[in-house]
C-alpha cells in the first residue's frame, strides 16, 4: 500500500523515540506518583501518617501511659503502675453517665439523620445550579464561635425567650416551657453543632445515585415514597452510616454543649473526662476514661472504614 | 536569652479582670510591653501551666490554687524586698493560711461567696444558705461549679469545721448537696450571672464581684452574705517559675499594688481591693457598699479557706466529683 | 424537576440553621454588656469593635491559622487520598483508611492536654505554627473524605492514562489533569478544614502560645465578666462579608453561562 | 396500518423543548395491539424523549398521549402500566436477580407464591433460570440485558418500551438477542416500542418502522415499504445505502414523462403513482444492489434499463459482496454499486477504466423533499 | 505479509492474567510500517488488554513488545512514541479543543508557534477547524471523536492505537468516520492498530485482521483471505454469517475424496489444499450468499453443485437482500441463505413447502478445530 504524500519515511524517524531528558527531581516525582512500586504509594501517604503520629498518636500514647500511673497529692502523678484507674472507670457510679451519654449522643445522631436526610436529598436532586452555594451556606454558621451560637440559643430557648413568647403568642402554650438546661436543650445543641457532619456524607452518597434507578422504579409502578424506601434509601445507606459515625463519635467527646446548655442532671462522659483533667486534677483517671472511650470508638471506626471500603469496591 | 533582653511581661489573667488603661499607662511610663493572655477558667489555666506551658511570667490565681501551684513547683517566691509597695497591703490579707509568710503571693483583689438573687422574682431577701434549698424556687437555683465553695458551704451548714476529716461530715455534706440537685437549674461559675439577669435563675450561689458588676446594668440583681457566714477568697499575683522577665514582672506587680492603680482596678471590676493605700481613691459607692466591704459584724463571720493537707483536699474534690456524677 | 414540599422543608431547615445567627445579629445592637436581655437599640458596639485592637487581632490570628491549617490539611489530604484511591498500596490499605480517620475519635480535651505535654516534653516552643499544625491534624480526616470521593469518580475516566499516553509522566499527569479536575473537592475540603480550625476552642486554648489569642479563646475568656454584643457585632461583620463575597462570586460565575 | 379497534397507544402532536431548543416538533403515531414498532433515527433526533414522554418521565409541552383510549398525558409514570427496558439496564444493585424481577410484583401486593412462580417463568422466558441469586454486578452485559427484560415483562404490561436495549452488546450477541426479543414479543403478544439507531435491527425486527429526523417523523410504515419507497432523501439514505440522483423533468404526458438524470442521461418513464404531480428538478433514489457496473464497451442499454457512463473509481471488499464505486463522466458524482462475487468477477475493467452503471428504470424511486427543519 | 524491513511493532508471546484468570494466552503478531491492522473479537477476548500492553499501561506477565526492533516491554507509556484514541475519547474537560490537541506538544516543549501550526493542521485533518475554543462538553459525539483523533495525531506518532473509536457513534456517523479514518491513515502513512468487535468495520478498513478468541489469535490475514478461507468454525461464524455443516470423510484418494454432509448428502470433492490431511468427522463452512434456495421439484444437481433437501422455514426481509432459512429433512439443522430480490422472486414455494438449498462444492470451506481454550 503506497504511503501518501506527507507520509513519514518508514523506520527513518526512529532516531527520535522521544525521550525528553528529565531531571532527577522530576524522575523522582514521576516514580512517586506512578504507584508502580509499593514504596511509592506508602511514601505518598507518609506525610499524612507522619502528621498523625506526630501530632496525635505520640501525645495520646504519652497520655495513655498516664492511665497506668497513680494520682498523688495536689494532682501530682506517681509513677507506680496499677490498673486501679480502669477498675474505677467501670464502677457502677458511672454507669448512669455512660447510659445517659449513649442516649443523648444516639438521639442527637438520629435526629441529625432525620433532619439532615431531606436536606441532603434536596441538595443532591433539586438544588440545581444553587447546589454549591447551599453547601457552603451549610458551613458558614459555624464560622461564628460556638459560644456565640450558644448564647443565641439561650436567648431563644429562655423562659421569656423567643420560642416561648412565640408559642404562647399563638396560644399553643399557656405557661412558658422551661427548656434551658434540660436534656432537650443539650440534645438540641448537639444536633445543631453536628448537623453538617451528617449532611455532607449523606449528600455525597446521594448524588452518586444515578437518576435512572429511580425512574426504573417509577416505571415498575413504585410511587415516589415507595421508590424512596426501596431504592433511594438502601442505595444511600453507606452515607447514612458514615454520617452517623461522624456525628455520634464527636458527640461522645463533646463537653461544652452540656456545660452551657445542660443542667445538673445532664452530665456526660465528655464532662466527666474534662472534670478529671481540670477540676479533679486526676489525670491518670482521666486518661483511663479516655482509653476506654477510645477503645469503644475504635470499634465504631472499624465499621465506618469497612463501609467505606465497600463503597470504593 | 535573646528574648529575655526585651522589656516585656507575659501576664496570664481573666479577660477584663483589670481596668482598661492600666496596662497601657504602665507600658507608657516604663516602656515595658505587657502581653495580656487570657483564660476562661482557672482550672484550665492551671492544667496548662502544669503541663509545662512556658513563657508566662505573672499569673492571677485564687488562694485555693496556691498550695497546688507550690506542690507542683510552678511558682517562685518573691525575692525579699523586691517590692516597695507591699507595705500598703491591708494586714488582714497578710500571713494568710494559704501563704503564712507572704512568700509566694501578693493579693490582687478579694471577694466573698454569697447568694446572688433577682429582686424581681424574689419577694423577701434571702438570708440563709438554706434558701438555696427552698423547694419554692425549684428549678430556679444555680450553684457555683467548684468543690471548695459547694463542699465548703455544705460543711459549714452542717456545722462542721472546715478542717474536719470525719467521713461522716463529708457524707453528710455530700447528701446535702445531692438532695439539692433536683431543685437546681445548673452548676455554673461563669454564665450564672447571665441566668440571673434574664430570669432563668432567681437564686444563685455567687461571687460578690460578679453580681455587683452585673448589678450596674441590671438593678434587679442583689447580693447577700448569709447569716451562717461564708468565705473570703483572694485572687493573688504569683511569679511563674522559670520566668525570663523577673525584674520587669516585679515592676509590674509593684505598680499594680500602688494605691491609685489598685483603686482604679477595684473601681472597674467592683471587687474589694486588699490594698489599704487604695481606700482614698475608691469610688464612694464602692467603699460604702456593705456587699463589697462588709461591716465588721459580717466580717467576723467570714473566714479564709483553711489550707488543707493533700489527702483532705482530695477528699473535698472526690466528694464534689461524686456529687456531680450522682 | 421541582418538589414543592422538599423545597419548603429545605427553606425551613436553613431557617433553623440561621435562626441563632439572626438572633446574634439583632443582639449586636443590644445596649447592654451582658448580652442576654434586650436593653434597647444602639450602634455603639460596632464603634467599640473598630477600636478594639485586641478583638480584631484575635480575628486576624484566627483567620491566619484557619487558612494556614486548611492549606496544610488539603495538601496532606490530597497526597494521601491520591495514593489511597489512584495508587492503592497492596498492603495496609484497610489499615490506612481507618488510621487516617483517627482524629475523629479523640475527645478535644484529651487532644489539647496531650499535645501540650508533648510539645513541652520535646521542647517545641508553643506558637502560631504549632497551633496551625495541630488544627491541620484535626481537619485531616475531613479533607481526605471530601477529596477521596472526587478522585474515585475521576479514576473511572481514563484521563490520567490519556495524559501519559501523550507523553506526560505520572507527575505531569497529576499536575496537569488530576489536580485541576479535583479542585472543587479540594476547595470544599479546605472549607471544612477552615471551619473546624476557625471554631476550635479547647485544643486551641491548650496549645496557644504566649500572645496567640484566637477568636474562640478570646470569646470564652469573656464569659466570666459577660460576653458583650461586641462579639456579635464582629461575628455579624464576618458573616455578612462572607455572604456578600459568596453571592457575588456566584453571580460572577453565572454571567458567562447566560 | 388500519386500526379496526382503537389503537393501544395514540400519540397526538407531541411537542417538547429543552431550554429553548425544540426537540420534538409534533410527533403523532398510533401503535396497535401486539405490534412491534421501531423508532429509528440518528442520534439526537428525539427518540428517547418520545419514549420518556410515553413512559411519563417527561411532560410534553403540547400534544396528548392516549393509552387504550384513556388520556394519560399528565399521569405519573407509576400509574401507567407500561414498562421500560433502559439502555443501561438500570438494574437495582442492591437486589439480586430475583429481587429485581420481583420488584414490580411485590408492589402489586401479589402473593409471594405467585410472585415466585411469575418471576421464575419470566426468567425462564429470557433463559436465565438458575441465576436468581446473582447480583447484577456478577452478570455479563448480555445477562444484565436479559434480567432487565425479564423485570419489565414480569408485570405482563400490554406495552413495552425498549431504548436501544442492545446498544451496549457486541455484534454477535446483538444478533442473538434480536431474534430472542422478536420471539418473546410474538409469544406474549405484547406491543413493543423499540428505539434504535441501527437500521438493520429495525428492518429485521419490526412490523412497522417510524423514521425520525430532527424531532419529526419523516416516514412510517412496514420495513419493506420504507426500504422500497422511501419518501425522502433522508429516509432513502438512512435506511440502507442509496445513491441519490438529481434529475429534471423535461416533459410529462398523461402516461409517461421524459426526464434527464445527472444532466446527461435522458429517459422516458411510465408515470407511476406519485410521478404525475412531479415537475421541475427532483431527486431519485437508487439502491446500490440494483446497480451493476461493467466495463463500458459502448453497448446500448436494453429497454427498461439505463446506463450512466463514468470511470471505475474504487472497489471495496465487503465479504458477502463487493462495493464498486463509479465516478460519472461529469465527475462531481459517484454512484455506488454492490455486486455479488460472480458479477464482480465479470467486471472486466479495473480502477480508472471506463465503465458504466446499469440499472432498471423501475428501480428509480422518486423522492419528495423532507420538510424544512428549523 | 512479509517484512522486508524489520516490522514496526513485534509482539512475541504476550501473556497476561488478572487475578488468576488468564486473559491473554500468548499473543504474537507483527505490524508493518503504514499498515492498518484490526484486532477483531467478541467482548472480553483480550483486545483492549493487548492494546494496553502495547501502549504500556499494563505489563505483560510473559512475552515481549518490540518497537522498531527496540525492546520496550518494560518502558513507561510516556517514553513510547505511540498514541492512543480511547473508546470514550478521554478528552480533558478542563482544556478546550486547542488545549487538548496541544497537550502532548506542550509536553515536548515545542515552540508555541510550531504548536499552533501543528494543532491547526491536525484539526484541519479531521475537519474541525474553527472549533479550537469549544469545550469538550460543547461537542457532539462525532466531534469529540475527531478531537481525540487530532490529539493523538498531533504528535505524528508512527503507530496509532484505536480502541473501538467508533463504538459510541450511530451507524451513519460510524460509516462516515470509517472512511475518514481510512483516508487519514493512508495520507499520513501511519500504522494503525484498530480494535473493534464489528466485523463489517474490520472488513472494510483493514489491511489485515487478527481474529481474537478468548485470549488467542485464531487467525490473522487479509480480510478476503479470512472471509473466504476461515481456519476455524469460530472465525467463519464471527466474520459474517456462515452455515457450519458437519461432514464425515468416507474415503480419500490422492486427488479426490468422498464425504457425507449432514448425514445424508454424499459428494466427491477434488482434494484441494488442506483437505488431504483431513479424515473422520470434519466441519464445513458455507456462506449464506453462496446458497440459493428454490422449490424442490426433484431436479437433479448439476455437476459441481450440491443439493440439501428440506422445508422452507422462514424468510426475513433485509432490504438489500432476503434471508431464507431452510430446515433440513433430518430436521435438527437449519441452513441460511441470503438471496437477491430477483432470486427470491423466483423462489416458487412458501413457508413449509418442500425446498432445497443449492451451492457449489467449491464454496465449501474445510474448517480446523480452534485450539481448546482452557
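Labels for the chains are A, B, C, D and E, by order of writing; each one numbers its residues from 1.
Here is the rule we use: contacts are C-beta pairs under 8 Å (C-beta built on N, C-alpha and C of every residue); 3 or more make two chains touch, one makes a residue touch a chain.
Quick caveat: nothing in here was measured; it's all calculated off a predicted structure.
Looking at the partners of chain B and chain D together, the chains they share are A. Looking at contact counts per chain pair, the maximum sits at A-C. Farthest from chain D in terms of Cα centroid separation is B. Inter-chain spacing, taken between the CA centroids of chain C and chain D, is 57 Å.
Averaged Cα coordinates give chain A a centre that lies 14 Å from the centre of chain C. Counting partners per residue, chain C has 36, 113, 117, 121, 167, 169, 172, 220, 223 as the residues that reach two or more other chains.
Residue positions of chain D in touch with at least two other chains are not found.
Contact of a single residue of chain B with at least two other chains is seen at positions 44, 47, 191, 194, 198.
Residue ranges on chain E touching chain D, taken from their complex, read 42-44, 140-141, 169-173, 197-200, 203-204, 223-224, 227, 238-241, 287-289, 316-321, 338, 340-341.
Chain A contributes residues 71-76, 93-94, 97, 151, 154-155, 158-161, 178, 180-181, 260, 262-265, 267, 271-272, 275, 277-282 to its touches with chain B in the complex. On chain D, the positions that touch chain A within their shared complex are 55-57, 76-78, 81-84, 86, 88, 90-94, 103-104, 107-108, 151-152, 155.
Interface residues of chain C facing chain B in the complex, by the touch rule stated above, are 32-34, 36-37, 39, 113, 116-117, 120-121, 125-126, 205-206, 209-211, 213, 217-218, 220-226. For chain A in complex with chain C, the residues that touch the partner chain are 18, 20, 22, 26, 29-35, 38, 40-42, 44-45, 47-49, 51-52, 55-60, 62-63, 115, 118-119, 121-123, 125-127, 129, 132-149, 151-156, 158, 162, 192, 195-196, 200-201, 204, 208, 242, 245-246, 249-250, 252-256, 270, 273-274, 277, 283, 286-287, 290, 293-294, 297-298, 301-302, 304-306, 308-309, 312.
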